[in-house]
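In what follows, a structure is listed as structure tokens, so that the remarks can point back to it.
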């Protein structure tokens, strides 16, 4: 079964999904790729963002994307605080590889259980005018439920990319894992810089979470399902590369969509992870890696 | 090396300590709650955390309502009823331990199952070994392999759960003129959905329908647009979906966005019966034909069901569970009703006697009159096919009204007529 | 190739993406020699060592040690053949004691039995001057002691060729002399030594022969006097 | 050095004593132990095996495996394959599952071990998901629908079948711990530590790191496989989402971390403690708190007691290594 129309639809769906994947992975690219902090709890923070969007939407009818933007500073502070704890407990003692990883594993569980205790395990969704619409031209359709998050994702990427490449602090974040000494010589405190970077990383989770709940219904443990995906993208991207993350997200999205359309959806996730395993085995530095 | 010998000493010490700790902890586990012989204890495991907790918690509230009702009416065999339950965390590995604890430590008089096939099956060897009556809650074809005579399943799937499940879907479609010729089958890669699609496939083949699409998808699929596009490209007359709550939502959203054109759409979508999902989807549900177990239609107002729902809805407030409680909850009440009625009728606590009685009698419950086939399923299927009709908003109250989910099948309970086709 | 060449590096090339770190470099180290390898930052010294010790694979050319081609051999195999190295940034096994650090090398590189580790390890620590720290945790050592541990652990593999990668960077001048004394002593014991160093005073004093790398190419070779007076070397270090 | 002979004896004495005790309580029904204890004990012992297996990679070598559930499930499904083929007895299932998972570990090692530690961790996560997808699509073992395995009611001379399963798992636990301890005390184990501390330095000190890592993934895979082998018999019904349950991965990490990841005793203590707490909590607390325990205890321990309980005991007993 093949038609040009189906192919175009599959590509559109893949691109839109890929943009969302990339948005979800952006925070990890910063924390894992640039700061060398393996935050396995990142998807849990995203789910936290989803629930905040849900809460504001169901209580006051607030738009989920607006909520996401409003909560970026709050998440930033949470992230900065979490890094402080992480630094004092693990990084300073050069002990992040094993125990730091276990720490985030525990944090993931705690966030998840806390959400269950407050909201229960029911699936939650949000209401917004752009959910359920779509633009059609001939047999080609673009669902706004996917298109709006895609645009927000691109905007978020642009903002983070500009910050990282145009400002002193942004460049310092990119440099901090490579050359602490040079940073110190330039008068920047590496710990403060990493705190800033991790804050940004968690900050993106607020918005990514809002995008997530626009696209799918969310329950507290749904974040686990995305651990693999976000790490896959971060690695495929070449750690720390922000444009690479976008490209890797799109590749994964398109691959899943094509496989799902033409070969049967049950193989979609395996193909995506196949790409990851292949990337790890043959090009561990990733697409945009150094 | 010098230090090593020191290690050896302390290591030996730790081993002793850890053993001691294990023994102490074991002893704690053994300590049974105070024994009391003036109650009838009914034990079960229930998913109160994990993936099925939404349903599990709702079922538990319904069961507690039954216990209160029963005790208010004087209990069973002159004794008060006490429910003893533990959280299985939606993890089958916890179930065998829980049931042995219930039977050996808590000395319960009866056990009933937890919610869902995965969590029922692990208890089977234990209850079979002891010859216990085992009322079960929403297991799909569990007894097919065990062939246990004292297994009684309350979900109204019927004696052939695989095909009975989707019978109504075909029955409604094939009655149309002209009847549909092609069908697309799609389902999640997980236990229930696979079975539902399997049953649908068997019947499609029997009816001579051409299956133009037959695929399963990973349960965590985030976007269903590609799947719906692929289905649409085949232009099927019917689309049968076997899905779980998150993917049911995704599928409905994608179908409305893509503008899925087919004559009948739905079938085995779990989740569309839940209040939270119905209010989230609202008008997008219109036209979907899907299975259900109970809806507030005039044909289904069985004795006691409204009183039960009123109590349930009051108890459910603020518990984070389904506020309406139409789907599973009456059945959770009913499977205890069956057990209770059998105990009272036989005036016995002997499992063999009670099992014999349940096999040979029918029971009036809040879900209607129930009798069991030899394999422990309902003697006759009552999987409802309902169609969502005339939904204009996302308010909870909308779904409490008759006419929003019209019963199309079985004929006996029919409450309206089908809007056909779904979309053209 | 001369008859007594211990290590023969022939036209070795290494690229990182588009960047050529080593370009057709030849060099030859004779048995018993004290050999200096110098060059400005980024000239390819460390890349060369990594290619010799096997932590990087060279793309062109070949490296021959005692007549054995090293291509395709893993670092541990090269270690067992008799090539040992120290690391510029010390890499001790932090959760082990100093002696246990040596034990790893003794057991794996030379097949020393567990019962002889103590004796042979202590002997090496005596030579290096680290005997009194034998039971200290490797992670708790001072900078100078960590450098010594690097050398001691390399020595524990019983090498014929020892590559010392900037073992003196960041040390005080008495400490530099300390390390130099150790290296002289090891050389007297019959071990060939390649010294990579930024501290010119040390290289010039130590080496009998020096190769200078710049931007991945060999630009000079000779004894210390010749090197000091080489205009090419001067240009490389001082810029044009 | 005379310790090897001396050191073996108390450990093996303990192991033998535990095995004899196991025989006494299962075959001779000594102490008249409640069946529930066997069910709960089985799960705890299964975690002893899993935690010990994980620790060979994670604790000794510093390679974090997030894919424990994948190995466990493959072990369980290997048994299902044998059962579906010819109703094989457990005695065949266990070695078969072990070998399948050992090969899986070896393959995974070849594929991923050239990667830095963190990449390895992610690759294991991906591998578990790929394996789950494969099982879901493999109808012979039940696919997504799941498969039933009917166990006999009794097994002579143990009586109740669960007593037999308990005893088998007890032996597997003793076996796993012995293997881990043997590795730890061997040259190979010291090589593991060198790899954990600095892989490049280890390689340059003559340690054949790739080979040691493959040994570790193979042995670890084997042990995880044997832990999974009796699972289908224990639950009677197996389907992918429960066999691949993340809780196995979480516990396999949390238990050694809590017990102390650097010695064989750490995962044993961690598994006995956390496993028992979980079993007790299941039948007492029965709420979300149950899960919260794992999270909080894990975070608490990694922050406050980085060396785990073993580290705390070491301090407490004054058996601390003197640096001076």
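All chains are identified by letter, namely A, B, C and D, in their written order; residue positions are counted from 1 within each chain.
Note that in this section contacts are C-beta pairs under 8 Å (C-beta built on N, C-alpha and C of every residue); 3 or more make two chains touch, one makes a residue touch a chain.
Just so you know, these numbers come straight off a predicted model, no measurement behind them.
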Discussion item. If I average the CA coordinates per chain, which chain comes out farthest from chain B?
Written reply: C
Item to complete: Specify the chain pair with the maximum number of C-beta contact pairs.
Response: B-D
Discussion item. Counting only Cα atoms for the centres, state how far chain A is from chain C in Å.
Written reply: 44
Practice prompt. Could you please state the distance in Å, as a whole number, between where the Cα atoms of chain A are centred and where those of chain D are centred?
Written response: 32
Practice prompt. Just give me the whole-number Å value for how far the CA centre of chain B lies from that of chain C.
Written response: 70
Response to the item:
Touching at least 2 other chains, the residues of chain B are 1, 3, 49, 51, 189, 216, 218
Worksheet item: Among the residues of chain C, which are close enough to touch at least two other chains?
Response: 94, 118, 135
Response to the item:
Shared-interface residues of chain A (touching two or more other chains) are 116, 266, 269
Fill in: List of chain B residues in touch with chain A within their complex
49-51, 53-54, 57, 186, 189, 215-218, 220-223, 225-227, 229-230, 233-234, 245-246, 249-250, 253-254, 256-259, 271, 274, 276-277, 280, 284, 319-322, 394
Response to the item:
The chain B residues in contact with chain D across the complex are 1, 3-15, 17-18, 21-22, 25-26, 28-30, 48-49, 51, 85-89, 91-98, 100-101, 103-105, 117-118, 121-122, 124-125, 128-129, 142, 145-146, 188-191, 193-195, 198, 216, 218-219
Worksheet item: Across the complex, what residues on chain D touch chain C?
Response: 1, 187, 190-191, 193-194, 196-198, 200-210, 262, 321-324
Worksheet item: Can you list the chain D residues touching chain B in their complex?
Response: 1, 3, 6-7, 10, 14, 34-41, 43-44, 133, 136-137, 143-146, 148, 150-151, 153, 160-162, 231, 234-242, 245, 247, 263, 265, 268-269, 272-273, 276-277, 279-280, 282-283, 285-288, 290-291, 310, 313-314, 317, 319, 321
Worksheet entry | Of chain D, residues touching chain A in the complex | 58-59, 62, 64, 111-112, 114-119, 121-123, 125-127, 129-130, 133-134, 136-137, 246, 250, 253-254, 257, 261, 288, 291-292, 294-296, 298-299, 302-303, 306
